[in-house]
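Here come two complexes built around subunit A, the first alongside subunit B, the second alongside subunit C.
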Partner chain A sequence: MEAKGIKKNTAIWILAVLVLFVLSIILGIIMRLNQGGAVHLEPGTFYADMTVHGITMIGIWFVAGMAGVNFIMERYVKTSYWANTFALVMTVIGVVMLWVSTLIGDFHAGWTFLYPLPFKIAWSAWATPMFLWALAVLGVGWLVWVLSLMAALLKKYSISQVFAWQHFRNKNPEVETPPFVLISMVSLLGVLTCLIAAVVLLVLLFAEYYSHGTFVNDALLIKNLTYFFGHTIANEMLYLGLAIIYELFPEISGRPKWKTTWYVAIAWNLTLFFVLLAFFHHLYMDFVQPQGLQIVGQLASYLASLPSAGVTVFSVIVAVYRTKIKWSLSNLLFFIGIAGWVIGGVGAVIDATISNNFLLHNTLWVPAHFHSYNAMGNVLFSLGFFHWFSVEYSKRKGQERLSSLKLSFLLLGGIGFLAAFYVAGAESIPRRYSSYPVEFTSAKLLATLGAVFATVYLIAILLFFSSIFKRCLNMVLQRS
Partner chain B sequence: MQYALLLLFLVLAAVIALVFIIVYLSSAKSDDELKGMANPLQKRFWFLLILFVCLGIFAFITIPRSPYYLFAKEQPAKVVHVAAGQFFFTMSYKAINPDKPEGEMTIELPVNQLVEFRVTSLDVNHGFAIYSPSKQIVAQTQAMPGYVNVLRWKFKEPGTYTVHCLEYCGMAHQVMQTTFTVK
Partner chain C sequence: MLKYGLTTFLIFVCSFIEDAVAQPAVGWQEEANINEVIYNAPLQIISGAHVSIHQLAAQNPLVVAFVFTRCSGICTPLIIQLKESLQFAPNIANKKYNVLVVSFDPRDSVKDMENMATRFNLQHEGNWEFAVTDSISRLISSVNFNPVWDEKTLQFDHDALLVGVNSQGFVTKKLLGLRNSKDIGLLINSINNVFSPTYRLPAQSNLFSCYNYNPKTGKNTPGLGMLFIALPAILSFLILIFIRLVSKSKSV
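Up next is the complex of A and B:
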């Protein structure tokens, strides 16, 4: 009964993510249109739109990764249906609160709600506590979920097995740790760490809010905490997607399962460590931050990309090169997504170099690179999973139609949308501007182009949406 | 410099895209007998080593150019105090009183000489990004409440420079700016 419950929950997660994704893309297109001058929003409305777009996108692609990992984990261990359902309920409540606080309450401190901006209230007074409590609701729901999945893994595997330490020395250890288990555990532990940071952050913010300013926070400390949480969760959600790829890519391609080898084991253990230190690159332009941490930030940003690129990308390339593969929509999405992820990673490494960040920090280069590995990376990982899941478990099989049309639109729209961001970044055009001062002569044109290409991307998503949505809806409505 | 970075990015992105396309085509053309890649472990080793060395060289060259070390041993010819607030910049040659921030009407700075900016904020986080007369960022730092960030720079080109806020600070963030001249 529980396994069935998880399957149904997974279908509900997919439906919720798809609906919120389409709405958030529309919000994104409205932003680009406003920046291009085609529509005119009040600046406050624009920034509320920006805030809810950012936080919703991060939230849905995080839960998409979690839901996929939870579903696949059932192959190895028994997971908790109740934790999954609890997270689902808390996520729905949290998202409703977020949308109310921003779109009705007009809260617009950005998705990173950098202290002390949330307390300089320029919106309905109730919107600040509502936004922060929404994060608390999400945090509790996700903490329970993450802990329950970790507990499920640790019931079957010991600590050293779950991190595949026995693979470091021994080529054929008695107990093999599947790569999926290793990567899930590494990601879950990372998520746990950043959720704990989020709890500390929220407690400090609530302390100032409810003490009416008797207790005052330190801006530098809070900025460190904010980005430890924000940067880390945005990275770990990608790794959740990778865990799914390690499991499904060979399977869908009709190839033997990938095995954990010593270098896969070492690489992911290193990633676990380095990714937790990379967030310092968000504070490069705060010259009062201890300088040692700045250098750590640059080195950790480089080193976090080495193992994942060296191991994952290479594994995918080795698996495909001159090898007959059953190509389908799902593994094509995985394959293209990996390419998008790596290319975005190059943009990130360039910006994670302190002397470059001096010129690129908070320009549109930043949304350029993180949209690369999200909109053309992580989203494709999850779409690949959604598609596979919906076909595998629905009664309505049949040939997938319009695959090449969907992929062409996705690529054309995605690349055009991103190119407009990258060029604008090189032109020093700032991020998070509702409209551009006239001196930025190319800004409006680039924004309009971005909106046009993003619309093409949206069409591709709607095409995916319709087939996946129908199948998942059937699954949910089926009587068990 | 920004365009050089864009070019670097585009070249690397094109190479990566090409590799993925070639790999995909090699699979699509592949017949039933599975050839695969010869010596993948060895290739992986070399790939990682080269990547590691490249990144190492890149770090070695770039870290000493970090803004924290710029002109650290020299004496500034001019010191400018900057207090950012929602949604304005106050600039002065004298220290600024946070309770009564007053600045100069115009700021004039010498060309090719060392200028030191001491940047803080009176309310939320702001950015202090200096744009050249041709609207490219030449230098920046953050304005954080409770802290003073020290930015040193030598302007090579005379003209009117614009400062824009580069840390989102609320409703009028996009119009928060000021100017100064370099002669």
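Up next is the complex of A and C:
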């Protein structure tokens, strides 16, 4: 019953993610149109829009990765249906609270809700506590889910096995750790860490809010904790998607399963450690942060991303180069997604280099790179999984229609949308402006172009949406 | 092959450290040398007087600005901004001060400084003094001001720095960069030994600061807040071990 339950829950996760994704894209397009001058939003409304867009996108693609990992993990260990369902219920409640606090309560401190913004009330007074409680609800649901998946893996594998340490020196160890298990565990431990950071952060924020000024926070501590949580979760959700790719890409392509080698094991162990330190690069402009931590931030940014990207790209190239591949929509999405992830990753590493950050900090280069590895990376990882899942487990099988059109729109829309960000970033156009002053001569044009291409991207997503949605809805409505 | 690859990668990563370290360490520069005595350099004032900095400060507390007359960059805006800010600075009506503009370029003569004062229409302003000194390197090192000569541009690469010195010759406050009248007001107050609250001070309501600043030693030590930053990682590894131990004991 539980395996069926996980399948049904996975279908519900997919439906929820797709609906929220489409709504969040529309919010994004409205923001770009406002920056382009085609529509007019009050600044408060723009920032409320930006807040809900950012936090929803991070949330949905995190749970999409978790749902996919949970579903595939059933191949190796037995996972908890109840933890999965609990997370689902808490996510629904949390998202409703978030949307109410921002769209009705007008809370607009941005998805990073940087201290002390949440306490500078420029919206309904109840919106601040509701926003913070929404995060708490989401955090509790996800924490339980993550702990349950970790427990499931640790029942079967010892700590050294689950992190593939036996592969460091031994080519053929007695117990082999599948890459999926290794990367899932690396990601889950990272997620656990950043969720604990979020708990500490929320406790401190609640303490200040409910003490009415008797207790005040240290701004540097809160900013460090905010990015410990925010940066780390944004990275770990990518790794969840990669765990799925390591499992499904060879399988869908008709190639032998990928194995954990010593360099794969080392690369992912480096990622496990260094991704927890990379967030310091968000504080380069905070002069009170000690210089040592700034250098740690730069080095960790390289050491967390480059080894894992290197082995993943190497594995994919070996898998596809001069070999007969059974291409389908899913593995094409995986393949393009890895390219998007790598391009965005290079953009991120450029920005994480201190000397470059002096120029690029808080310009549109920042949304350019994080939209690259999300909109054209992580989204495609999960979309590939959604498509595979819906076809594999649905009774409504049949020829996939309009595949080329979907991919063409996705590529055209995605690349155009990102190019508008990159060009603007290179021209030092600042981010987080609701509208641009005339001095930024190309800003409005680029924003409008961004909105047009994002609309093409949205059409592609709607085409995917229609086929995946129908199949998943069928699964949910099926009687067990 | 992979070993070579790894070595190359590590060299690549480490090569950027130099870049990172080479950035101006603005960090605590404004806090360096606070409550220390400024070097008592002998000055030659454009009026022809010979006086030391401490003697000048004893007459009136000083705002010291470091410039050079051939500067094509920040020196002119620094003086213009200071002149303007002093007109609008809040809460300085009854405060004493003199502005001392010292050249840190050994090539500058008294005549050059006189021309500079004329250019800014400050040559007859009573509380503005323009001067040169033959002990410039000891003076600038006593306030941690480090101009670097650039052969390509034939200019000094330097900060815009104002140093506040009280009547006893102690550095009370430093301002880096072009600052508004409010900051200049705080500087004037500080050289008159009036408390100037520029940073939020640790109080009983603030329990978890990342750093604790000791004004006596001028040093920061890690505070309880730093532990909070490390806490999530420590806790998650402990939870990992705990889960494994529990599941192991259940399976036995």
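What to note about this one:
By our rule, the second predicted complex is superposed on the first by the 480 of 480 C-alpha atoms of A that agree within 3 Å, B and C clash if a C-alpha of one lies under 4 Å from a C-alpha of the other, contacts with A are read in each partner's own complex, and residues count from 1 in each chain.
In this text, a residue touches a chain if its C-beta (ideal position, glycine included) is under 8 Å from a C-beta of that chain, and two chains touch if they have at least 3 such contacts.
Computed from a predicted model, the values in this text were never measured in an experiment.
The superposition on subunit A brings subunit B into a clash with subunit C.
In the superposition on chain A, A:L202 makes contact with neither subunit B nor subunit C. With both structures placed on the common chain, the touch criterion links A:V288 to subunit B and to subunit C. Judged by the number of subunit A residues each one touches, B leads among subunit B and subunit C. In the superposition on chain A, no contact is made by A:V144 with either subunit B or subunit C.
In the superposition on chain A, A:Y436 makes contact with subunit B only, while subunit C stays out of contact range.
Of the two partner chains placed around the shared chain by superposition, subunit B and subunit C are both touched by A:Q298. Using the contact criterion defined above for the overlaid structures, shared-chain residue A:L192 touches subunit C, although it does not reach subunit B.
Once the two complexes are overlaid on the shared chain, A:T353 sits against subunit B and subunit C alike.
In the superposition on chain A, A:L220 makes contact with both subunit B and subunit C.
When the two structures are aligned on the shared chain, A:L411 is found in touch with neither subunit B nor subunit C.
Overlap of the subunit B and subunit C contact sets on subunit A: residues 218, 220, 263, 287-288, 291, 294-295, 298-299, 302, 306, 310, 353-355, 358.
Across the complex, subunit B is touched by residues 43-44, 47, 108-110, 114, 116-117, 120, 122, 218-220, 223, 263, 284-288, 291, 294-295, 298-299, 302, 306, 309-310, 314, 317-318, 320-325, 327, 335-336, 338-339, 342-343, 346-347, 349-350, 353-356, 358-363, 422-423, 425-428, 430, 432-437, 439-441 of subunit A.
Within the complex formed with subunit C, the residues of subunit A that make contact are 147, 150-151, 154-155, 158-159, 189, 192-194, 196-197, 200, 204, 213-218, 220-221, 224-225, 228, 263, 276, 287-288, 290-291, 294-295, 298-299, 302-303, 306-307, 310, 353-355, 358.
Residue ranges on subunit C touching subunit A, taken from their complex, read 2, 9, 12-13, 16-17, 19-23, 25-27, 203, 205-211, 223, 225, 228-229, 231-233, 235-237, 239-241, 243-244, 246-248, 250-251. By the touch criterion stated above, subunit B contacts subunit A in their complex at residues 1-3, 5-6, 8-9, 12-13, 16-17, 19-20, 23-24, 26-28, 30-32, 34-37, 40, 43-44, 47-48, 51-52, 55, 58-59, 62-63, 65-68, 86, 123-125, 127, 129, 131, 135-142, 144-151, 162, 164-175, 177.
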